[in-house]
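Both of the next two complexes hold chain A, though its partner changes from chain B to chain C.
Entry: the complex of A and B
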């Protein structure tokens, strides 16, 4: 088990390093000069611009820049923003809680709605619940978040005036964005859980459970759902990653604070250090989610647990 | 007669399908007395499983409904009980075990928690008490280290162990009736013998009734007090086991008994197969459902359903011509053989078990081989294996030790031109791997394969490709091994375009010829595999294999998945083709009687080693290796009481870590220190008879 976690951690490290290097390369190859977007070349002399390049290390060769960059990362130096010259790390850390909260709330919506509807529709196959769950699934998958976000604002803020349309203070402001973002995940989770429940319901062991005289509810929840969750957990993990990425759009739509929003701004401004900092952070969260998914496999399925433990 | 425990009367079950309501079981009636074993015997589509599920009302969950008749357990009318009351009966008064023990346990819970859960569903009590009770139950059904097994999940136990655990779980409610749905079909013959013995022992010690569902008449002969033969959803015949097997009255029962290869059917002779295949639910014939396949059928049979008419001695047959059929059967029976394997002798014990003397006699009465063998021993070897080994590496990495699964571990054998060589052994013995190595479908780890004296290797691509024309294979699953989107004409013609110069028109002619040769219609070549029945698909597989006039055919469990009556047709076809085309073949199967029937010589494998080879009759008459004798003793229907028989305990060890010395010593009743330490050489023990045993029998 420990060995398995160890090897997972090692590959996680590779993912983080790889994604950082990738971002660096993309910015290296991107046309345009970040210095020129910092200063106005018509008013500033070429010497000053050259000095600035020198200062930022932009005129050094690729490999030196890459090494220096990783060196800085290791020492916790994420550099300063090219736009406001403030240090990157505090800037990101300040925004992280808001984004994590939104992602977690969305994940909760997706899992609760997705798994519940998935189970109900599988158990009542062909009924009204099944039909509505499948419609929810269809809409969740096919509707883009910016569209469902705007729709939610129109209905619940503009028309009904129940909930605020923007801001990041308090629980009320969390509800609409979490619904908009969670709905997408819920769509695919419903479909996955439903299909997987139906598959498991056809397994011969379900007949055994019935032949033992167990209650149908017990069979469905204790046995069938647990088996059906094994493939669904993979999907849920990927969905949470998608939701983290989705905050870029949703935070903008709902004018929320968060790293999604500063990421959007930083990309526009070619603010490399900020983008790199955010990628670093996102990669860590993403890898952490994957680790959790793997661990929950082991919790659900003893076969995986035993395999890991075998020497 | 005493009050029956279970009474099924005129039971009719409908199945709701997207195509409409189909009747799976029509007006079947039978009953089971306390402490009695009744066997429901039938082929696929006979309704035997659905009828057994209806007794538990499990059909309700599978789109089935009881459309008529009654099921009475003691005084309880089961057919009308609400599910909530039914639930209390299940697992407590009636318990059930299933065909695939591996699939019948929830894979993510421990065996123990699933047994405890059953007790909790019916009784109040502490979990720890139930757990202890579970350990005792596992011990009771002969599972070693029960405390450990309770904590394991299904994937960690072997099939035989799981079936024992399943039986333990079924016993946990103290049932009056145990329904066993093909409980040994998925198991090896040695394990099957152990499980059947366990069931019999439990039945008598707990005074439990057993409803055993099986397609295997041998199992029925060994277990049943009474037999109910089902065909296409109706009872064809029923009565005491001795009577039904000894003097069958329904042409279907007669046909079934004729079509199985027994230990004394004349080798090389055609089996008397029933034509055609059992009908599907949607295409039930009018009148007597067996009439399209019946030699006695008249207009009356085509028009009206024969009633199940009582004869005497509590036996009945649903046939308009039962007396006629019985008379013909009795006549052929007498002419056929002095001691038919499955016909119980007059004084047989009521359990239907064969009289010991009969088994001995049936072995000694095996007919001498025809002259073919003499001519074979002189002919050239076509295919030879020299110290052939196949090890599959397992695990490794991350500090774990690398291990090898020794699937085939040093096998030498020689197959003469024109010979049919049978390979038998339990699963895990390496017989399929050996077959694939002989054809060089995968590379060996060591040793070599010679074809007509030249080395054949998958690595020598040009030579290997040429050899494909001569060496062909027939698979177990004829559907899984063809492309479902190709018409059967295209499937059969493909090897022709690879290996021959025939043009399109010539290929079409050849395909038509082949289809007719295997008993299909030439006009069917534009049809697709899913339009055919299992037996027909196997014929297609055979046509594909013989299309390029091969010299050698490997038939890997080619008849194992087929219904008994269809199996006989395919065995006949294979034998005919072998004679017509002068084929040499290796026939791998776990059905020992079929292998005996079709093979000139048989090799017995155990844990990657060949432990004995001998001409078929010789092997069955004088098995030299204890393992061979144990295998023969496990054939159901053979009485375990014969003094010559050896019952083998335990299960085949893991091929990753085979026992030292003789690999069979862990299960051999005759093992000595010599066996435990020194591996016996493969030595001659008689004419063309070799065995690897220190103490050949």
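Entry: the complex of A and C
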């Protein structure tokens, strides 16, 4: 198990370094110039623009910039933003809690709604709950978050005035964005849990359990759900990753603070140091989530726990 | 095991996809200069101002920095007005008025200005405002280390300062400039505290200190910028009626990019005002009993489509005139903006010195004339209705930026349909990278731009010929006569003569069909009924010192 985690960490490191280098290259190759998006090219003279390039180190050759970037990063220096000239690391760290909170809240919505509806619709197949679960699944997967986000604002903020439409301080401001983002995850989880519950319910061991006279509720929760959860957990891990990505849109729609919003702004302004800093941070979170997913297999499934030593 | 690695790689794909999609969305939101309040349709009922309260004002985009010397965004200037003062102010009638400078005098050769400064003014850190402070401000703008861009463009041709005495300063210029004095009234040339600027260095933009009616309290990124009342303020000027400390305890700018959320915030009461209202909401808000709408037409250069004179056949007057006669600007502006935007007629907007009203109504759609002009040039309609000449199809390469700012992409689509009627094929290219397509490769036949500015000298940057070493203009026009008019107008002290020169330039531009003026952009603000005393200066920026909140 330790060895597995070790090799896992190594390949994760490769993924992180690789993505940083790739993003660097993309920024280098893409047409466009951060300086030209900072100033008004019709009034600001070419010499001023040249001076800005020099001050920001943008006129140095590609390999020098790439090496300098990784060199600085090893010493913990992520550089300064090209736009606001503030240091990148504090800028990002300051916004991280808000994004993590939103991701966690959305994941909670997705898991609670997804697993509950998934289980209920499998055991009451064909009923009203099953129908509503399938509707949730369909809408969750097909509704873009910016659309459902705006709908939630129009209904709960503008019309009913129950919840705030914007901001990121307090529990109240978390509800609408977490619902908008969590519903997408819930959509996929409902379908996955329902499907695998139905599969497991048809397996011979369930018939055995029934024949032994166990209570149906106990069979469903203790035996069937537990077996059905393994594929669902993989999906949930990936969904949390998607939600982290989804914050880019949701944070903008609900005017929340967070790294998603900074990332979108930084990409628009071609502010490479900020983009790199966020790529680095996001990569670490992704890798961490995947590690947790792996560990949770062992918790759910004793067979994996026992085999663990060999993998 | 293999399968479980997938998400990690999927991450890489996500990052790449996102980077590729979003990169290149270069924001073109920079507007160096200024705007003008033509009319505020808000309903401010007169009653005694009430002290206290917090005014929340939702901005569509985030300021880049609160250091006016380094900023490149007009949205920052909305905050500068509360934090800082400028040396001069532009009055509603377009004249210049005193602010931190009380008197000014131009030398006979036009190469220097001597300014008397207001006494007793203090920065919010307690340090005094004086001639040394002005000298520091302007010298630091021309220092390359400061990385000033838009402020530097406004301060040009400033050379040096001489401190005559504590409250007198002499500003020396490289060359004479009639636009210089007016530029001193622009927010990007606001005066910062030298002590704080030196101490904070690059971090001054997040810890700004000025002389304005509001002090900086906090900035949490992408959420809000909070300012509080400066109780010592006693030197208000310009259009603000209240010259003392502000009525509001707090002024909070919320950053709310999504327009439905922003306008919804006013309707749900989460903010008291929100800027940049979409046309459909303007129509609805004008009849909403619970809200008020402020609309201010900006001045400068309207949204204008420029022909690239270096591309054939658009170097020929008749070809350009044909397009000018075929495009129905009225229909475009009415359809897209539901009557909330005004159409433009000239290379300048109304409300700016020298605007030529005689050009209004001079151009009318006339397809017969347009067809006749193209016939004369020998372009003959082919089988598919598109004109041809010597095997070449008559095409117009129309470049526009993305995202679809102010529905400009829709203008392109409508013009494409209108030009089809006279046998011109329009190739619309929507790109996220205007900087490369337009300002590096100059690869377009028609491209649109606008500029907010308070001085007609703005025309020089668009219509004066350029040297080999300089960046060319959007038209690429090179006409010694126009150069002469623009140069004379740039230094002419007599306003009537200046006006006449700029009118000549505008008529020339119109007669030569160098451009298609499209619309004048209105700065719009939706506000709750309780907001009183909100006005806008002639630059189109809000004045907060008169604002109070009624019960």
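Definition applied: the second predicted complex is superposed on the first by the 283 of 311 C-alpha atoms of A that agree within 3 Å, B and C clash if a C-alpha of one lies under 4 Å from a C-alpha of the other, contacts with A are read in each partner's own complex, and residues count from 1 in each chain.
Just so we're on the same page, contacts are C-beta pairs under 8 Å (C-beta built on N, C-alpha and C of every residue); 3 or more make two chains touch, one makes a residue touch a chain.
This one's a predicted model, so the numbers in the text were calculated from it and none came from an experiment.
Q: After lining up the shared chain so the two structures overlap, which partner does A:214 touch, if you call chain B first and chain C second: first, second, both or neither?
A: A:214: touches chain B, not chain C.
Q: According to the stated criteria, A:302 is in contact with first (chain B), second (chain C), both, or neither; which is it?
A: After superposing on A, A:302 lies in contact with chain B but is clear of chain C.
Q: Looking at the overlay, what does A:18 touch: chain B (first), chain C (second), both, or neither?
A: After superposition on chain A, A:18 lies in contact with chain C alone.
Q: Return first, second, both or neither, reflecting whether A:204 touches chain B, chain C, both chains, or no partner chain.
A: In the superposition, A:204 contacts chain B only.
Q: Count the residues of chain A touched by chain B and by chain C, then name the partner with the higher count.
A: Partner with more touched residues of chain A: C.
Q: Under the stated touch criterion, which partner chain does A:161 make contact with: chain B (first), chain C (second), both, or neither?
A: A:161: touches chain C, not chain B.
Q: So which positions on chain A get touched by both chain B and chain C?
A: The answer is residues 311 of chain A.
Q: What part of chain A is in contact with chain B in the complex they form?
A: Answer in residue numbers: 3, 7, 203-205, 207-216, 223, 226-227, 230, 300-303, 306, 311.
Q: Please output the residues of chain B touching chain A within their complex, sorted ascending.
A: 53, 56, 58, 61, 83, 87-92, 95-96, 98, 100, 103-110, 117-118, 121-122, 153, 155-156, 166, 169, 173, 398-400
Q: What residues of chain A sit close enough to touch chain C in their complex?
A: Checking each residue of chain A against chain C gives 4, 11-12, 15, 18-19, 22-23, 26-27, 30-33, 36-46, 48-49, 51-52, 55-56, 80, 83-86, 91, 94-95, 146, 150, 153-154, 157-158, 161, 164-169, 234, 237-238, 241, 245, 248, 251-258, 261-265, 267-270, 275, 279, 282-283, 286-287, 289-290, 293-294, 311.
Q: Spell out the residues on chain C that touch chain A in their complex, using ranges where they run on.
A: 1, 3-12, 14-16, 18-20, 22-28, 30-33, 58, 62, 64-65, 70, 72, 144-145, 147-150, 152-153, 156, 202-203, 205-206, 220-223, 254-258, 260-262, 264-265, 267-271, 432-433, 435-436, 439, 449, 451, 461-462, 469-471, 473-474
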